[in-house]
Amino acid sequence: MGLKLLTSMIVGASVAAVLALAPVALAKDWKTVVIGMEGAYDPWNLTDSSGKIVGFEVDLANDLCKRAGVECKVIAQDWDGMIPGLKAGKFDVIMDGMAITDERKKEIDFSNPYAASPGSFLAPKDSPLAKATGAGTVINLDKDPAGGQAAIKSVQAALKGKTLGVQVSTTHANFAGQYLKDIATVKEYKTTDERDLDLKSGRLDAVLEDLPTNMATASKPDASDLAVVGPEFIGGVFGPGEGMGIRKSDADLTAKFDTALAAAIGDGTVKKLSEQWFKADLTPR
Amino acid sequence: MDWGFVSATFDKLIGALPLTLAVWALSVILGALVAAGVTWMRVSGSKPLIALARAYVAVFRGTPLLIQLFIVYYGLASLPAVRASVFWPFLRNAFDCAVLSLALCTAAYQAEIFRGALLAVPPGQVEAARACGMSGLILFRRIIFPIALRHALPAYSTEMISMVKATALVSLITLWDVMSVALKIRNDTLVTYLPLIIAGAIYFAVNYIIGAAFLGLERRLSPHLKPRPS
Amino acid sequence: MGGLDIFGFGPGGWGFALLQGAAMTLLVSACGLLIGATIGGFVAWARLSGALLAGAAGQAYAALFRGLPELLIVYFVYFGTSTLLTAAAHAAGYEGFVGVPAFAAGALAVGVISGAYQAEVFRAAYRAIVRGELEAAISVGMNRALMFRRIIAPQVMRFALPGLGNLWQVALKDSSLISVTGLTELMRVSQVGAGSTHRPFAFYLGGAALYLVMTLATTRLFDAAEARATRGMRRAAG
């Protein structure tokens, strides 16, 4: 035993280490584009039981890549490592229901938006949010500041002393931080799954999330007592919509996808996919 | 080097230290109580109690703390029976879940330390004490406990430091401890290493202080083991 | 599907995924332990060599990685290895991103932590070798390499086994922290399953059961290895 085993173990470990560190090269002439998605953000992108990533963004990406003449590859990435991963070069595009915001524009570029989904609340059906001003309507915080203020005030009253759940580093977290900081307890979660578990167990009184995601959660069989309630917001801190995140140095890639996206919106492909996955047409106008 | 950023980061991280220390202190104390109970079962002489104690230690030392934490925080909350029970006001709260889970885990390790310490008490001393008429509480207080304590201190010090490191896991169940705040600063500012380095320095400092404190305690309690003045 | 169906091996069942996660856990822990053995060996050698600088460096390494939370080290290694390798590659003129797979970063993190403790185990094991044997080896004319191969290494391995068995269990549990990097080891699979099916109690309990089985089974293996390695040795206590 002893020395022979030790030597072979060290040799084996070294070989394994060398093999494991195989470098990954990225093409600059855009034959293949690697796209980062969470795979845990139903219905934008989700992982099916066979481990494959499917969803609105997967279908849209395949369509856009075909139009742009490149091959797409989708890889999974946790939400809180999305922008660092893009900047480090792990992938070339972020498609994960990422809203276009000025903060993010400081770090990365965005394509034109491919969806404009409002932020909405998911809560038990009897939550006070259900009776808030503007419940069930979409309020544009940029175009209707007065209506927005009224709705926000009524949301603040409904959530006073309650607990709200959001995902970290999202526009929803920003909204909560800006308007609900000292009014409600805001809990931030790394993943939407963990946050939704806490909503179901009663630790959270409400969740602030994209409308399609909330609707997908509410439609599950074990969410019979939950519903999308209260006003829905677009614009302002939520931004104009969701777009593809691309490194600032890849302006040519951004241009490629903008062209493809314009075509896809123009011929109704985006509307079709939106209605298929979101049950509503969320094409940006 | 942007010293303003370093200073602001340090302030934010220090602000989270009380939570880290609170989780640590409460879980260590609660764990000691549970460990005392487990140790009592272990030395009780009753076969079923011994088996139960051994099973407890095997389970809580044989599974990762992270999964224990998730069972307590997410797992229990998903059971309607738990939500309807008298424990729900506590289990609803992430802090209480963290303390409970860490306490149950450290109890298993502390029980083993206590057991080893008790075994290290020379039987001759116990016999002599009994021959003098001591028994029960007095025997424990005057003979067993002081000797066992001295033997337990080094291992106990290591366990205390392990527990400080374990508190970093509560960042994964929505508590804003030093680890969470460091990661949030990284997410918000995209400065990757500096917040982690400063957080590391804070944890290291805390562990150093604890280690030094226990070393001092060991020296005080074992003057007969100090090297002779030359 | 209710009850224990979700753990089944049919379509929609997570049985295979959990077992694959367990296999990944064993693999990454084993690689981590080996990396730790290499590092621990170096650090122990540095501290035993008597050279002041090497000794101090070894001590500093051990103190540093025993005083930092394991979760912090995992994050640091995960973020750091990609950056380091990409920077090194750029310096060598290579364009583009050098990816370090989560497996490698995870095994390295476990190894870096384990190495700090393994150094102590190796150091104590070396000190347990009877000095007389080393003197005899020198007097018989063995050179250092031969002495290492025939006297030191076998005995160090024998004395280190109990401590290494313990550290293997620690590595197995530390590997659960690699879940934060996204590697699909057992903890991660349990998490994904729990979130996806909204049944956290079942999945985390199932995952814990698998960890327990792995711990108990591998402890048996180490006990058997210890018994075989110490056959014929006289010991103070049985």
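Labels A, B and C are assigned to the chains in the order they are written; within every chain, residues are numbered from 1.
Criterion: a residue touches a chain if its C-beta (ideal position, glycine included) is under 8 Å from a C-beta of that chain, and two chains touch if they have at least 3 such contacts.
All figures in this text were calculated on a predicted structure; none of them were measured in a lab.
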Checklist entry - Can the chain contact pattern be summarised as a line, a ring, a star, a complete graph, or none of these (other)? => result complete
Checklist entry - When the contacting C-beta pairs are counted for A-B and for B-C, which pair yields the higher total? => result B-C
Item to check | Distance between chain centroids, defined by C-alpha means - chain A, chain C (Å) | outcome: 36
Checklist entry - Using CA atom averages as chain centres, what separation in Å is found between chain A and chain B? => result 38
Checklist entry - How many angstrom lie between the CA centroids of chain B and chain C, rounded to a whole number? => result 23
Checklist entry - By residue number and range, which residues of chain B touch two or more other chains? => result 74, 77-78, 172, 183, 192
Item to check | Where chain C touches two or more other chains at once, by residue number | outcome: 79, 83, 194, 198, 200
Checklist outcome for this item: Residue ranges of chain A touching at least 2 other chains are 84, 194, 197, 200
Checklist entry - Which part of chain C faces chain B closely enough to touch in the complex? => result 64, 66-72, 75-76, 79-80, 83, 169, 172-177, 179-180, 187, 190-191, 194, 198-201, 204-205, 207-208, 211-212, 215-216
Checklist outcome for this item: Per the touch rule above, chain B residues touching chain A in the complex are 74, 77-78, 83, 92, 94, 172, 174, 183-184, 187-188, 190, 192
Next on the checklist: Under the definition above, what is the set of chain A residues touching chain B in their complex?
Outcome noted: 80, 83-84, 87, 107, 168-169, 187-190, 194, 197-198, 200-203
Checklist entry - Along chain C, where are the residues that touch chain A in the complex? => result 11-12, 31, 34-35, 37-38, 79, 82-83, 85-86, 89, 94-101, 103-104, 107, 149-150, 153-154, 157-158, 182, 192, 194-196, 198, 200, 228-229
Checklist outcome for this item: Residue set of chain B touching chain C in the complex reads 58-59, 61-68, 70-71, 74-79, 161, 164-169, 171-172, 179, 182-183, 192-193, 196, 199-200, 203-204, 207-208
